[in-house]
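Letters are used for the chains, namely A, B, C and D, taken in the order the chains are written, and counting of residues starts over at 1 for each.
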Amino acid sequence: MIKVAVVGSTGYVGTDLIRLLIKNPDVDLKYITSESYEGQSYSSIYENYRDVFTKTCTGKDLEKISEEVDLIFMALPHGIVSNEINSSMLEKVKVIDISADYRLKDIQVYEKWYNTEHGSPELLDEAVYGLCEKNREDIKKARLVANPGCYPTSSILSLMPLVEEDLIEKNSIIIDAKSGVTGAGRGINLGTHFTECNESLKAYSIGAHRHIPEIEEQLGSLVSFTPHLIPMNRGILTTSYANLKENLEYDDIKKIYEKYYKDEYFVRLTKEGVFPETKWVKGSNFCDIGFKVDKRTNRIIVVGAIDNMIKGAAGQAVQNMNIMFGLDEKAGLEDVSIFPV
Amino acid sequence: MIKVAVVGSTGYVGTDLIRLLIKNPDVDLKYITSESYEGQSYSSIYENYRDVFTKTCTGKDLEKISEEVDLIFMALPHGIVSNEINSSMLEKVKVIDISADYRLKDIQVYEKWYNTEHGSPELLDEAVYGLCEKNREDIKKARLVANPGCYPTSSILSLMPLVEEDLIEKNSIIIDAKSGVTGAGRGINLGTHFTECNESLKAYSIGAHRHIPEIEEQLGSLVSFTPHLIPMNRGILTTSYANLKENLEYDDIKKIYEKYYKDEYFVRLTKEGVFPETKWVKGSNFCDIGFKVDKRTNRIIVVGAIDNMIKGAAGQAVQNMNIMFGLDEKAGLEDVSIFPV
Amino acid sequence: MIKVAVVGSTGYVGTDLIRLLIKNPDVDLKYITSESYEGQSYSSIYENYRDVFTKTCTGKDLEKISEEVDLIFMALPHGIVSNEINSSMLEKVKVIDISADYRLKDIQVYEKWYNTEHGSPELLDEAVYGLCEKNREDIKKARLVANPGCYPTSSILSLMPLVEEDLIEKNSIIIDAKSGVTGAGRGINLGTHFTECNESLKAYSIGAHRHIPEIEEQLGSLVSFTPHLIPMNRGILTTSYANLKENLEYDDIKKIYEKYYKDEYFVRLTKEGVFPETKWVKGSNFCDIGFKVDKRTNRIIVVGAIDNMIKGAAGQAVQNMNIMFGLDEKAGLEDVSIFPV
Amino acid sequence: MIKVAVVGSTGYVGTDLIRLLIKNPDVDLKYITSESYEGQSYSSIYENYRDVFTKTCTGKDLEKISEEVDLIFMALPHGIVSNEINSSMLEKVKVIDISADYRLKDIQVYEKWYNTEHGSPELLDEAVYGLCEKNREDIKKARLVANPGCYPTSSILSLMPLVEEDLIEKNSIIIDAKSGVTGAGRGINLGTHFTECNESLKAYSIGAHRHIPEIEEQLGSLVSFTPHLIPMNRGILTTSYANLKENLEYDDIKKIYEKYYKDEYFVRLTKEGVFPETKWVKGSNFCDIGFKVDKRTNRIIVVGAIDNMIKGAAGQAVQNMNIMFGLDEKAGLEDVSIFPV
C-alpha cells in the first residue's frame, strides 16, 4: 500500500484525484488538505461522497505529512508549490506537482510567462515532465514529477510523432484548442457564471496563454495557440495544423503514429475518416487522436481529445504515480466514458 | 462466473448495462445482441469502447442464448419481451426484463395503459417487481424480475416509508417529476433534436404517463403524476407532495426514513435543510432522498434524485442480478458520481 | 415622449429593460444609473450594445433624476427601494418598482418573509400590484406600481380564473415551479457557477421562498410552492395542481379561461392536449397557459410559461409603463420569441 | 410595400426569415410555402406564433407566386433551387437564393463539391454573391442574389481587408470555425440528437466542407478550413490564422479594417484586447471582428462572430432585399442581441 496525501483536495482537480485514488486498490489515502474547508467533512463539500467517503479536510502541514506518506499530490495554483517544496522534503517523500511550477526547464521563461518568482529553481533540473507516454523511463526514477497542463497533453501527444520524425515544417504549427468550463476551476467569476458562458463561445488569451511555452519547450517549435471556452463541463479538443515537408499519404503517417502509440494503452488512434469527439473520452484517461492529410494545401490536421480533468490533470497524475511506484499503469484508471453523460 | 447476455445492447440502457457488467468481476458477458447493428463491432457504434471492448453484436437467437448463459437482460421496448419469454425458457435461464412487460400484476391495467396485448400473462404472477430495497427476499428466489421504471424508482423509494407507515392521506399524492433527455432513448425524433429541446422546458403526458399505474400499484394509492423534460443528459428529480395525517415533526419522519433505509447502501438520506441534486447521483446507483415538512400547509414535500440510466435502469438491473446470484450487491456499482461531469 | 430613468441598469433586469425601452418609440431614455459601473459606457459592460447604444452609467442621484424624468424604473434588490422612495418624490415622478418592496399589502408579512424593515410603509396602501391583466384600471391611475415577481406572474395568471370563479378547493393549490438561471441574477456565487449548475437539477427554498406570500395574497389561498433551478438561461414553467370542487369538463374550464384572457394580448391559451413550453415564449412578453383535467384524481393541472426576464420582470414593467402613460400596451413588446435561440 | 414569398418557410432559416420580414414595415408577406406542412397553420408548427401570425403554408407553385410577388426568398436545400429558377421567371420576380446553387461562378467547382448537376448554369454569370459589405453596388441592380453561406460570411468579412490589401502570404490562411447546432437544420439525425451532441465537441468534414470553394473563390486563396459542432443553439465563431508579409503593428492593421468597415453598420470592430463572443451578436445581424498580431510568430489571428441564422442566413437575406429594393438597409434588422438568452 502506498500512503498518499492530496494537498489542495477541494478544487476540481483535487476532487477528481480523490475519486480516482479511492478506486486504486494499492493506495491508502491518508491526508486530504484544504485551506478553505479545514475541519469540514469532505462529503459536506462534495455531496457525491455522501455516506461513502468520510474523511475530513486537514490543514497543509507539509512537514508532518511528508513524514507520514510516500507520495504527495500538489493540487494548488502555480506560484505556491515551488515555495513549499525543497530538497530535504524530496528525501522523504515523492511529489507529483499538478501546478505549472516545475514544467518549464528555463526559469526565465517561467518567470516571464507566469510573472512570478520561482521558489525553488534548484529543483528544476531534477523535475521530470510527467507526460507518461513521452518520459516513462525518467518518471520511474523521479522524486519530483511536473504533471503536464491540460492543453499541452492533448497538443503534444497529437504532434509529437510528426515533430520527432521531422515530417513538418519548422514553426508551422497552429493549435486551435477548445476546452470545457471545468478548465477554469471552481473559483467563481463573472466569466464562468452560468448565464455568461452558457450558449456562447469565445476565444481567450490569444497568443498569450501560459501553456504556450510548455508546448513549445516540449515540441521544440514556435506555435500559434488559441484556446476557446466551450459551454460544456468537461473535455478538450485540440485541432492542430502543420505544413508537411513532403507529399505524404495517410497510410505513411498512420504507420508513424502507430509506432509511437501502438503499445500505449491510453492513446487511441481513430480509423481513417473518423475523428475524436470529447464524449468518447469524457470520464476516462484516454487521449484519442485522428488526423487528415489535406492534399490541396499539403497540410496535416490532427485532432486530439482528452478529458481535461483526467488525462489532462488528475488521471495523468495517477498514471504518473502508478509508474513511479511500479504499479499497473492502469490501476484506478480503467473506466471508459459513461455515455451519454 | 455468471454467464450473461444483453439482448438489445445498443440502446442507451443496453450500453450502460455493458459498461457496468464489464466492471463486475463475476460476470462473463457472452452475448450482446442488436437487430440494427448485427455483425458490427460494438466499438464502432459506441466509440468510448475503442480498443477496449472488442465484442461484436449478434442476432437475437434466444433459444441458443438461453442454453448457454445463466442470465439474460432484456433491454427491449415494452410489448416485445412478453412475446419472447415463456415458461420453458425460464427453466433454463433467469431473466431480468428492463421493459415494462412484467411490472404490472393486473393484465387489464397493462393492456389499457400500454395499448397492446400481453404475450405471456401466465408469467405475471411469478414475475417479481425488482425494486431491490422493497422486494429483496423475493428477488433472491426469482427466475423473472421486472426491473422498475425510472420515474417509479425515484417516486416509490421517496414515498414508500410514508405510505407503509400510513402517515399520509389516501390519494393526496402528487408527483412532479423531471428527467434528462436520455430518458427518451436513442431513437431520433423532433422532440429530442438538440435545438428543439435545448434551453427549453416542458411538461408532457400529463396525467397519462405509463409509469402512473406502476407507481399506483406499488404505493396502493392514486397519484397525480406530471413528467417534465429537462435540457440535460441524465438524471431524474421527483418532487412529491402529500398531506400529512397528523402534525408530525421533521425528526419523527426522519426516524421512519432511517428505519427503512439505514442499512440500504444505495439509498442515502440528506441532512435536514439539504435536498438532493441530480449532479450528486449522476453516474452512480444511488438514490438520494430529502424532505421538508411544511407546517403552514401540513404537507410533506419529498425530493428524490437518481441517475435515470443507472438506479433507474441498468444499475438497478445489475443490483438485481447481484441479489439473484448471491453476489455482493454492490459489485460493479461502487462508483460515486464524477463531478463536475 | 416620456422621459425615463432606469435605476440599477446593469443587472439582468436592468439590461433587458434598456433593450425594450430602446425599442419603444415613445420613450426618451434619459438616465441609466449603476453603482458598480458609474462613469462607464454601457456598451463596455454589455457588448451587444457595441456601436449601437452609447450612453454612460451615472450615479443614483434620485433628487435630480426625479426632477427631470416622468418615470423611474427601480431595478434594485428588495429592501433598498423602500428607503429611496417617498411621497414627495411621487408628486414629481411616477415609479415602477421591480423589487419586492411594495408587492405585499401586509407590512408584517413583508418584514417576516424579507427579514428587513420596510422604509416607507405609508406608501403600501397606494402602491398598485402591477399584474397588468388583473389590475389594469388601477395601474392606469397609479403613481407607484409594484411590478410582480417572476414566479408569481406565471402562477397567478395560471390560477386566477379558477380561484375567482371558485372552482377549486380552498388551500389545495400546489405550485411546482421551474426557472432558468437568469432568475438568480448577475451576482456571482458557487450555485450559479457554470460547472455547478449545468447538467444538474435541484429544488431550493422549499416552502420558504419569498414569492409564497405574494402568490398567497393575490390568490387568497395557502399554497405549497417549490421552485427548481433548471440548467438553461431563461424561462419559467409553473406546473400547478388543485382539487376541483366539482366534476368539470375541459370545455367548461376552457370557457372560463377564455372569459378572462380572450382579449388579453399577452396571455395565450394553448389548444387541448398542447402544453406550454418555455421556448415558445422566450424573448417575448407572452404568458402561455394550458391545462389538463385529470378525471381519475379530479384535479386540474395548469401549466404556465413565461420568459422570466420579460413577462416576469422587464417586459411587464414596460407593459405597466404603457398602461400608466396611455400608450399602446404592446409598444416595444411585440417580438415573438426567436426560435431556436 | 414589397410583396414577398418565402419558399421553404418551415426550416430554421425559413422561420427566421418570417420573423424578420414581419418586423419590416415595407414588406407584405404574401406566400409562405412548405412541402411538409402544406395546408397547416404556421403557428401549429412554430408555436411562438400562437395567436400572432395566422398564415397557412401553401404549396410551391412558383409560376403563380412569381406572378404575384416582387421577391422570392428560396430557402431550400442546394441542388433544388437551380432547377426551379429560370430566365423567364427572373423577368417577373427577383430572387434571393439562400441555398448554395448560385454562389460559385465556376460550374465545375460546384458540381465537384456538391456532387450534383447544376440546373441553370446560364444564370451563374448574372447571379450576384450577396455579401452585402462586399458587393453592395451589384446587389442593388441584381435580379438574382446568391445569399452567402454561414461560415463564409464570418470568414470572408474577417479576412477580406487583409487579402485585398495584400498583407498576408498567399495560401497561408487557416480557418478554424465553430458553429452552434442550428447550422445543421431541422432535419433529425443521430448526430444532432440532444444526448449525442450535448456536452461534447467534434470537428467534422475536415478539409472537405462545401463552404471551402466558396471562401476560396471570394478570397482568391487556398484555405484550410475545419468546422466544429458546438453544443449550443446559435452562433458561429471563426478563428482565422494567416502569415503576415511584413512586420505590422496592431494599429496599422486596425486602420485598414476601419477603412473597410467604419461605415458598415453591421460590421463592428472590437477594441484592442477584446475579442468577439457569439453571445454579443446572437439574435442580431451584426458581425463582430477582432484580431491579434502575434509578434512571436508573425501571424495575425482574426476572430469573427455572427449569428449563423441571421447574418449567416436570414438576416443577410433581408439585408440583401433592403439593398435590392432601395429600403433602409437596417429595416427589420435593428435588434441587438437579447442577453442572456
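Going forward, contacts are C-beta pairs under 8 Å (C-beta built on N, C-alpha and C of every residue); 3 or more make two chains touch, one makes a residue touch a chain.
Note that the structure is predicted; figures quoted are calculated from it, not measured.
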| item | value |
| --- | --- |
| More contacts between chains, A-C or B-C | B-C |
| Most remote chain, CA-based centroid, reference being chain C | A |
| Inter-centroid spacing, chain B versus chain A (mean Cα positions, whole Å) | 36 |
| Separation of chain A from chain C, taking each centre as the mean of its C-alpha atoms, in whole Å | 46 |
| Approximate Å spacing (C-alpha centroids) for the pair chain B, chain C | 39 |
| Contacts with 2+ other chains: residues of chain A | 12, 180, 182, 195-196, 198-199, 231-234, 277, 279, 282, 340-341 |
| Footprint of chain A on chain C - complex, ascending | 12, 180-182, 186, 188-190, 192-199, 231-233 |
| Touching residues (chain side chain C, partner chain B) in the complex | 171, 174, 176, 178, 180, 195-196, 198-204, 206-207, 222-224, 226, 228, 230-235, 237, 239, 241, 275-279, 282, 292, 294, 296-297, 299, 301, 303, 305, 340-341 |
| Of chain A, residues touching chain B in the complex | 12, 15-16, 19, 23, 46-53, 182, 199, 233-234, 268, 270, 274, 277, 279-284, 286, 288, 335-341 |
